[in-house]
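Here it is, the structure in full.
Labels A, B and C are assigned to the chains in the order they are written; within every chain, residues are numbered from 1.
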């Protein structure tokens, strides 16, 4: 099975470890044995000017995933929204009303579906590929999350080179290792069966430290500063 | 403390990783230091013709556990149903009504208790051994679950030898390792303190691969095929 | 950031692994990189005569944390009560009513706040240090919990030397290692990013064994006996 998935993660933090805005939306292509990505694409947000309500993230993820899906022709596209694995092209108002989610979640999806339902319908009509809202059950969505942490480290390296120092928060229970020419990232949850990722990039001219975020158990902080 | 526990696990999967039916009900005897089983017994189901509603599993588990308990005389029997550690021989209708579980759960237990309450009462009257519905809190139940994954691997090896190839899903966050003459299995959750199991069996003539189920995070797929 | 946190943990167990009473309240000072404590203070309870309702623990934790905070002047104090990170000095009756917690939790906090609100107000007025009820999100609270397990091991060693043998239950998913002159403890959850602790103490004259509590998954039992 070949799966495209997308997720958004990594946060710019202030000195008290409070999140200011999200950094990286990533789409990945995941193939058997489903432990890493064969391909990844990133779209950076502006974390200094970010709407934390969450509606922008899922929209960006859908568009980036569709872009990658048109290129690599997967069997299916996974989005990070846990509404039972439903096909997004079928999300009309009565279907959303019938979902077993909160009223707030229904309002969000009624709004989102105005853009995403036609997007999914068009992709399906032209390619036969379904977009499903499977969320936390999907391993490819978790791999996309791990890549969002890896691209967040890349963003932090570039920011620190220009501005001296930066603190970023990685997605849940993952770590990164910044090596010469490469950023490696992996899940800290062994129950997931060994999920990881890596990208090649210039890692010169900086120092870094990784440690637990004292205010958010199971999340790590990456600190990067100019050498 | 000597504990007999039972659980059912391992699923036959189709090519899209959807479960078709469960494979192995296992009863185990667990003794101090409570990390593995001293004895295990398996009863295979027919996964091609399986009632996935779940009521058959708990019934099979109770009967297999009682069979093993009569043989090894443990201090207590643990079943995989999380209803507060109540003694199964006391499960009459008013007691079930008073349980803090869903209405659906009450209906299931009213039906189940028609067989299981007399079974538990008889065991207790004849041996003094209680059967308790302790479920997810019990370490021996988890060890039974790990053995159900190990016996599922054994089933898959025998099926692949005859039929060429098979996909099975293991119970939650566990892995297996198929070695010459032995199948070893262990929990992937280090918080459980090192739970594992192994059985001796003929493992010749097959190849295998283990990887994350892309549709169900924290569950592994075992693929076995004839050499 | 310099954080003082407190927690209570470790339980005396009977031979059937039932908890009889809690053992150790610990306050710790945690500094960057937030993986262990720079300082720890313990106050032992009498586990043979313990009110398991839980109200005593949080009170002991608050007093011990304030004592350590007055000595080491941290930026903030974390208590193990998950009520949204609210400042304890602001916990008057209307504020407690407005919390998103159970009615039972509100009653407990109305009672607790009679002592703890003035305690927190006084600390804040005299030092500017806030006490916040952040609970399970706080890494320093988890480090205090790990230290409560380490001090529980120390208590068990001393008890066994005098009385021959003892069983204690450690806090959730942690292990201890009793070495010559030192007790080391660490989290068994790798998602927490490597939290650990150690204390120097006389460890002569005893033997010990650590194994899973068969009745409470993810909790370990420490057995200590005189050599």
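As a convention for this text, a contact is a pair of C-beta atoms (placed from the backbone, for glycine too) under 8 Å apart; a residue touches a chain by one contact, two chains touch by 3 or more.
Since this is a predicted model, take the numbers as computed values, not measurements.
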Category of the chain touch graph - line, ring, star, complete, other
complete
Between subunit A and its twin subunit B, rotation from the CA superposition, multiple of 5 degrees:
120
Could you grab the centroid distance between subunit B and subunit C? Build each centroid from C-alpha atoms only and quote it in angstrom.
36
Mind pulling the residue numbers of subunit C that touch at least two other chains?
189-190
For the complex, which residues does subunit B have touching subunit C?
1, 3, 30, 32-35, 134, 136-140, 142, 189-195
For subunit B, which residues are in contact with subunit A within the complex?
16-17, 172-173, 175, 188-190, 209, 211-218, 220
